[in-house]
C-alpha cells in the first residue's frame, strides 16, 4: 500500500494533518526522476558540508583559510597529500571545496529563508489589506525588483570597504523578496474571496486570525516551493559577488576560490583549481532547482487531481 | 410555527449597486443596480424564502444581512437595533447572533482544517467554554446535523467528505453559536436531489429544536414551498411579490411569479400545460426602462402604464402583496 | 432497426489505485425520432455514457466490453478518422457547460460557419452563412445578432447558439448532457420547448442526460434511471413516473419537492453512493434500500419485465414486487 492510499483510506487513524499531507506529497515526489537526482546531489553536498570539519582536525595545514603546506608555496596539481592540489600559496584545495559547500548551504538557505519569510509576510499583508497598503507595498516591491542589485552592492562595499558574509546574506534577502511577495499576494487575493474566508468573517474572526489560521496554511506550500528557487539564486548571487571581489574576504566560498584562480592568473594554467568550484556551483544550483521542479509537481493541483477524484 | 408576528429583522429601503469594471476593449465601467429599494420584514422563528433567478440580487440581500457587504442606502435593523454602524465588540456580539450557510460546500470549508477545528472555530473566536467543553459542544453539534457517530468525522478533512457531509459540517459551524438568524444561501444547489432533501430536513429540525429564524435564499420555488412559511420573489433587484408560501404558489398575483411557476418543470406529467401564460412570446425591446422591471417580458403589461411608472407594492390582503398594477 | 443500439456496455477508468467501473452492463436502444432521458445523481456514470457514445472518453477511460451499434455500424470498430466523420455530422452533442464552449474572441456566427465548412468543405462560405441564419431563426436568435461576440449574448442565447451548432450538420442523433443546468427556470423552460419542437420537426433522436428528473420527464419519450454505474429502471416515461418500481426511482421521486398537491415531508435517501472501485457483488443499492433482503447483498440484481415498455433491475421486484 502506498502512502497516498494510506492517507486517504485509513480514516480512523488519527494522525496530524501535516504528516498525511507530507506522505501524500512524498508519494508524488518519489515518481519524479528530477526530484530523485536533485535529492541525491543535495545529499552529496550535505555530506561535503558536514565533513568539512574533518581535514583541519587531521592536520592543521588542511585549515582552508590559514593552513599552508610548509613544503609547497605555489599551485600544484592533485596528489596523495592534496587530493585536489594546492593553491598559489600552498593551501589545500579539497578542504577549501568542502568548506565552500558549507558556506553555499549557509548563504543559500539562510538568505532564501529570510527572503521567503519577508516575501510571504509582505505578500499576505498586501493581498489581504488591499487598497492603499497593497499599492504602497507593491510599488516598493517594484522599485526593489528593478534595482540593479549587483551595482548597489558594489557601491555599498565601496562605502564600507569590507562586507561580512552575514551582510551579504541579509542583502540578498532584502533584494529577493519582491518576487515571492508578488506570488503570495496573488494567491492571497484569490483566497481572500473564497467562501471559507467569508465564513470565518461571519463567525467573527479577527483579521489576524484570518491571516494566520486560514490564509497562511494555504500559502505556505507555495512559499516552500519558492524557497528552493530562492536558494538557487542566493548561491549564484553570492558566488558572483565573491568572484568579483566583493565577498567576505575572511570566508572561503566557491566564488572566492574562483576569484583567487582568476586574480593569481591561474585561470587557464590550473584546471584542477578552476573546475571543482565551478562544477560545484553549477551542480548545487541545479540540484536545488530540480528539487523545486519536483515540488512544483507535488503542488500542482492538475497533477494531483487524477488521484483525488475517487 | 410562527406564533407571534414580531419582526426580528427589518430591511428598510435597501439600495445596493456594484461597479462593473470596463474591459480593455469593451464598454466603460458602469453601475449595476443589485438591489433597488428593498424593504422586508422577517418574523421571529419563521423560515423566510427569498426566490429569484441568478443575478436577481437575492444573494446580495443575504450578504448584506450578515455584514459581508454594505448597502449604499437604507437601514437594517436586528431587534430594533441598527446594524450597519456596528463596530468592535458590538459587531462581535452581532456575529454571534447572525450566521450564514454558504452555497458551495466545496469552497466554504478551509481544506487545511479538520472538521473539529472548523466547527469549533466560532467557539474559540467568541471565547466560549474551555478546551474540554469546546470539544463536547462540537461533538454534540456535529451529531445534531446527522454526522454520527461524531468520532468518525471530527478528525477528517474536507477532501475526505462527500458534498452532503461537507454541507452538514458547514451547517454545524453556523449552528454552534446558537444564532438567532441563519442566512442559508442556496445551500443545496451544488448537491444531488436526494442529498438536498437530507439538508432540507436538517434545517427543518434545527428550526423545530431551537426556533431559529432562517432566511432561505433559493432559485427553486418548489424548495421554497417545502421549507418556507413566507416567500418573497425578487427580480432584477426589485421585490415583486411577497406573501405566505402557499398563497404565492397557488395564487400568485405578479406576472413574473406566474411565469416562474409556469416554467418550472413538473413531475406530474398530466398538468404540464402552462396555466398563467404571463410571459411574452417575444421580448419587447426597451432602451431605457423607466417602469416595471418585468415590463419587457410581461404579457399583461401596458405600454404606457407599465413602461413609464414603477408599480408600487399593492396590499392584496392576508399579508400578501405584489408590485404590479394589474395584481 | 433502431437507430442506436447499445448492448452490455462497460466503461472503466484507470485511476490511482486501480480500475474504476464507471458504467457496467448498460443496454438500451433508441428509435429514430424518439428521445431518451438518462437520470441519475452525480457519479452515476451518465456523462461517461454520453461521452462513450461519441467515443470522447478522457484518456484514462476506455470501453472494456459491449457494443454500440449506430445506424447499422459498430462505433467501437471505427478508427479516429472515421469517428471524426460521425461526430457532428451524424451524432452531435450539447455539452454540460456548453455556453463556455464558444470561443470568446470570435463572432458567434463565424464559429458555426467554420464548424459547417470544416465538415462539408464543398460548401461555399456565403451558403454556409445562409444556413447559419436559418438555424438561428430556428432556435430563436434574432438574425441581427449573428455577428455578435459571445459576451454580448445572454446565457440562454449562448445555449441556443450551441444548439444551433449541434443542429448545423443535420445529425441523426443529439446527445444533450445537462443542456439547461446553468440556466434560470424560465429560460430553461424555453430552451427545452425549443429542443422538443426541433426534435419533432426534424425527427432527430435525442439522448437527454440530466440530474434533474423533472427536466427529463418533460422532454423524453423513454427514460432510464441510473444508479452507481448501472441502469436500474428503464421504460416509457409515463409508465416509469406513474408506477415507479425500483426502490431507488421511488426514493428519488419522493426526495423532490413539488409545487402541487400535498406538502409531504420529503424522504431523503439515507447514506451515500457506493464506491465504484470495488462495488459489492449484489445489488448496488443494497445499503440504502428500504426493502432489501439478505439475498440482495449476495445475488446480483436481475432485470424484470413489468410490461413490454417497462423493465426494472431488482431482485426483489422479480419475486413479489410489492405491488
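Going in written order, the chains are labelled A, B and C, and every chain counts its residues from 1.
Throughout what follows, a residue touches a chain if its C-beta (ideal position, glycine included) is under 8 Å from a C-beta of that chain, and two chains touch if they have at least 3 such contacts.
Nothing here was measured: the structure is a model prediction, and the numbers come from that model.
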item: Chains most often in contact, by C-beta pairs; value: B-C
item: Chain located farthest away, centre of chain B as origin (C-alpha); value: A
item: Computed distance of Cα centres, chain B from chain A, in Å; value: 50
item: Length of the line joining the C-alpha centres of chain B and chain C, rounded to whole Å; value: 31
item: Residue ranges of chain A touching chain B (in the complex, touch as defined); value: 8, 11-12, 14, 17, 20, 194-196, 198-206, 209, 213-214, 217-218, 308
item: Chain C residues touching chain B - in the complex, by the definition given at the top; value: 41-42, 151, 184-186, 188-190, 192, 211-215, 217-218, 237-238, 241, 251-253, 255-261, 263, 265-269, 272
item: Complex contacts: residues of chain B adjacent to chain A; value: 66-68, 91-92, 95-96, 98-100, 102-104, 107-114, 121-122, 125-126, 152, 155-157, 159-160, 170, 173, 177
item: Partner chain C, residues of chain B touching it in the complex; value: 26, 53-54, 162-165, 192-198, 200-201, 219-223, 225-226, 246, 249, 259-269, 271-272, 279
